[in-house]
């Protein structure tokens, strides 16, 4: 997963992009980058591995001059966590400097790439996004929006894009609209961001979310609607609401906090835990769901687990981790809340089950008499091909185990999932969501090669 | 404020100290350090500025060999945030290598230091803790516990200490017991830590907390009680329970989470907000207090503010910070919860009022109809001389303003503080707490020079 | 200028390339890089700005596994001293991983690059060498040697190349043979290097120098002669012998030391300094020339100037440099040798005259009674387009000033240059040298744009 | 060995000290440091491991404000190459900030240190120089010159010192005057340096060298002679002239270049090599000696060995070094000079013989018919206790082998050393030199513990 931010028509645009990326840090912690463009077309790039704060030391921002800038944070994926894959990507093509920030995943990138390489293109990274750059550079069209359109007609999958050619900014959402993008106004300039929390942090006023297939051009301070891409049935990613986006954002027209509260209520209705002494969340992503569950069922709300927020980047010695449960690094139980009690634990979703199993053992060790595990979404049975870094199907516990097997594996007294209908009901039940990871109903052909982002790993090791 | 951890009698002790420091990261983010001692007496030191994770890169721990180790995290204080002041301090004296980790503050360090310097001692830092090292080295006593006792008889103030001389570990709490220290058992070894959450993370079983004036020696795997220091009336720091310690810790015999819930109940009783639509905390330190308030008053609990946990180390350009309220970097309101509502905001305490004022403005901007501010502790009217980095008296808003003036300054509809009696009632009301910052009843003489930690700044700039 | 080294068929080939680069450090101090290829085709790259020692810290070499490796050191040129331009360049093209190290300069790179960009190629650097990579990738030929030949038929200028495609190594010298390349044998493997001193350092036995237009292929341990490139009149760079190469190397069939001694003898014959008390060199490049001069003329040899060999990387504060002559950082006179004497100073060549002027002032200040300046090559009147970083014509003092004007500018009593005939006589006088910078007889068309290496500076600033 | 520089009464004094250290880089490459003092007494320190250029990046000097500064470069000694031992040392004592730079070695430091530690002093380093600091701080005298004199009366050995107390500078040479120190004038300010080449580089005019036992005070711009230390027979280190100092310096009243030429002449007289084809030096320290030898004997001077001046900091893989002779990294023979010839090699001195043996093998491999090795100083039979880092007696080849055994070990046809009388004759033969390493006539008691600089290694590993 990734987060993207763009600013146009505001002095020191990179400063605002930096703040925006910082608000979107949860969408990607592997690498971060900003590219700015000065009025004379000079482009500046700064990218690095790590968190936004680590990538941009005091002073780095000062060099990113210009009133146009785009930025990107990238999630850690297996195997190709290298600077070459960090975004935004900046290249010179015959139309001038071109920068690109991409949230999503192209499912036919590998085929196109093989064709381009055969014809003499030289790739700099293993990222699917670079395919777009080469397609644009190879287009015979004269206007850059036509070059971009030529390129987009070749690709399939999920792409929410911020692109600059010179000082012109393009904002594009693929026809199914898997990933969100909002546009806001700040003074006489424009701010674009994956989530509204990034508009809030810079003080921009939200204008609207982009619709599936929509694309905008910002030039000389004016926002222009370009003809939309070929239409398709919208397939908004429901996992953005369940887990990925921040609760203070508005995504796909919904307050994320309110959706999660509704998911908690639905979970309480479908999967109550009569007789339990208390309920608590696995903080922080399921806080709203646990509160909803408590409101719905009347079970007393507690804070049973404390999360250590410094955890993100801890180096733990493997042998040490063997002795101490790894989960203790992240969570610690509140003994006085748990000892001797029958507790309900609410989490947003269950992927591999590894962490949850350790969590349950920790709660038992802290004296929990009964543990009732509740999940505010259905079993995850398939991988995502549209930009969320779920593991392979084989590692998804619900793809090959029954609910009772999972219950036994976790070591809980009862286990309850929210149903697909219950989940969709909480977001209005319209047929505009992608829920393929839960339902197996993939909105596109499935790629032959199940790898997600990074096709054809380069047989070379960069400096 | 600082956090300290010690381990004795366990192979690769530094690995456990590292985990323990990591659990105590909230007690100090300025610098961190670990000193380990091998069975042959060889001592290894690694210290650095920044978070535990930054200070100890993969590999640094491997060099900290030995089955005895002590560690320290230090809070950022004004003016002398330099490596020379990082702890633990390791020196060679005539008794061999001596390491010291200190939580607290000595109120007569400046006078003693001046005397030592006059007699030819050369100081390496501006920290008050170094005074102890020189006093020990200058003692005429032959046994090292007598040297330490000689030194401690000279100093006054707050000191919870972990000291090693060779492989012998000493754990000492000053006669008033301002700062906490617990001892735990792990296999055949011992673990000491400021808070029990650091025992939990390494899987140690809590044995007990040290009493005021108590000191322990651990030698050859055995824990020995040494004769206590001169007795005094216990003065446990109540701010540890109100704000400083982690909710999953047990401190001064209390579950911090349960104390904070009780503070929330008491606040609800003393300062209800009839007619409010909802209540929420300023996350995360007041979460339990807001829940207690909601339980007591029946006002609906919400999550109205979302905290960005990546905030700790963000560099914000000053001019940028001027445009965007600084508070937005840390908190963002959930629009749908707040717009048009009468809201109660619960916080643990109020120091300068700057952040709270900006927070209130942000809530107003998000559409709050009424804002009722509630504080789960009394007005802070004086600085702390015992190790908490409160600002000078002049910056404490309650030292010079009435509650109504503060209400107007914050821009809230109503403002309610918990009373001193209410606060003490929540912790059992016994006369064993220091509440000087709230009550002005300082348990020691007040130093003439109100600076706290760092006396006599060196007129030199180290490399 | 640059230095290149290649090794094939020897385990840990990168270790030998490292030593070879180290011996060629004088050919380029701006950046260094090595690319190694394992038997399974996996390529490893490590490049960096700075000296060989700085670029390859302990451990970096260990990661450069494989029995084939090529390396490059690059000279500092104005304006584009960036990592992107460091070599060897490693890319993936349809034939697999391709690595390239280039010594020389292509005079038509800019035109070809513009054409390639128009057709959709994306360049990663501003270096002329990248043109070759794209031409190879765009070739329709099937065999990689044919692809390379297609590419070379498009370019004009100076190129001595080491290229790898998979584990196959190609060594190529352009038809005029501007830059040297020797091949040596070490056990059952092969070593290629710009100068023989790099064969010496790894203990390789010199087999031969490559002739102009020659190219070799090394595959499966066998060295194969490929059909030569289209023939042309050889134009070996005479400046390699006069200044650039190390005196312990054999270049273009000559011992550099012996050539320089002969230049000194010729200079003594043409430009004696009767009555002088002593002669000394500007160390170290003209040591052999001064000795030859002394032998020829009978003037007593002295060491009048001491060179500080730590100078290369000194940061001198500009305002400081204004006060102290910059030349003092590099050279210091031996007072007792110079005071009251009539001295002859021998240097290899004179470019701008700035340093020499300061040197003369320093000698006068040290008490020299008379200063006779002697140059062991003719006046430099034109820039080099073939890989030596001479300044623009306007900065070459001899392009616009008479010898007497130069004498007055330097402030010397007499000034004597070696004649073109004298210089050529010292190397055998055959018509196989490029001496364009002295004679204006350029062996190719002169590019319109007088910039040398770095065409079309990218309007972007890389990270 | 070390180099020291001091500047007083000149704005931005640290800039000049930096240049001076740079000229003294040959006296110590392990670490470097500068301490500056502002008019208000504020002291600034910057020290680091490595070369002067590495230690002071652009910008570091700017922070070293003040018109008084002292600097130090330190030679690499075995075992305690750590930042804590870098100089100048800066501490706060009761007299204010005190900085010290020391060239030499105290032979009774270990005993004094043990006594000070017993009395409660805490040492920060393992360097002998720190003893002086503690002695000064412990003195009961009131004036700082009396405190310093008290300290110096306790120590024995070699010490050339630059000391600052506040803005007052003291320059002191021990009564035997082992190490040189010159004072120069620059405008209205003063410059002090180990060698005159450091005066030259800043453009200072030499005033005089300090005599043994002399000490100067510079205060308020005035240079004041203080009463000298107790007198003793001068014992100037002859190795400064033979090897250590730069040829462009004047040391102990002699031009180093002229002394070395005279040593070469004496060597030619005592140890000619009749019938040899040519003579060359092991560059650069014996260049003048080889020239003198050639002049004396009429044997033709050549440049047979080329030195790679980038060698200082090369990391060579040990296994690689086994395959290639290590000496090749530093020197390469000129084949055409050597092949088939009878050669004379002149070096300044022979310590272990390891490098020379490899050098001879390299010359044989390059085809030398006969090798005649000549040394311009006598056999080294004992270690230095006065600041030169000679190895232990056991590693000195001449301490336990006859000249014929050494000849066989080196593999040369003949071996000739200059005699003690011959060496002393070249410097005027007065009885004012220490030649203990050649003659065994140590001017002080020899310490029991033969370790030189670093007594009592701390059993702790600093960060």
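First chain written, first letter: the chains are A, B, C and D, and each begins at residue 1.
As a convention for this text, contacts are C-beta pairs under 8 Å (C-beta built on N, C-alpha and C of every residue); 3 or more make two chains touch, one makes a residue touch a chain.
Just so it is clear, the model here is predicted, and its values are computed rather than measured.
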_Set of chains whose contacts include both chain D and chain B_ = none
*Which chain maximises the distance between its CA centroid and that of chain C?*
B
_chain A and chain D: spacing of chain centres that average the CA atoms, whole Å_ = 62
*When the C-alpha atoms of chain A and chain C are each averaged to a single point, how far apart are the two points in Å?*
51
*Centre to centre, by mean C-alpha position, how many angstrom separate chain A and chain B?*
36
*Please set out, as single numbers or ranges, the residues of chain C touching at least two other chains.*
none
_Please list each pair of chains that are touching._
A-B, A-C, B-D, C-D
*Interface residues, chain D side, partner chain C - complex*: 12, 15-16, 19, 22-23, 25, 51-53, 56-58, 61, 197, 200-203, 246-248, 250, 255, 257-258, 284, 287-288, 291, 301-303, 306, 308-310, 312-317, 320, 323-325, 328-329, 332-337
*Can you check the complex and tell me which residues of chain A touch chain C?*
33, 41-48, 63, 83, 90-94, 96-97, 117-124, 133-134, 137-139, 458-463
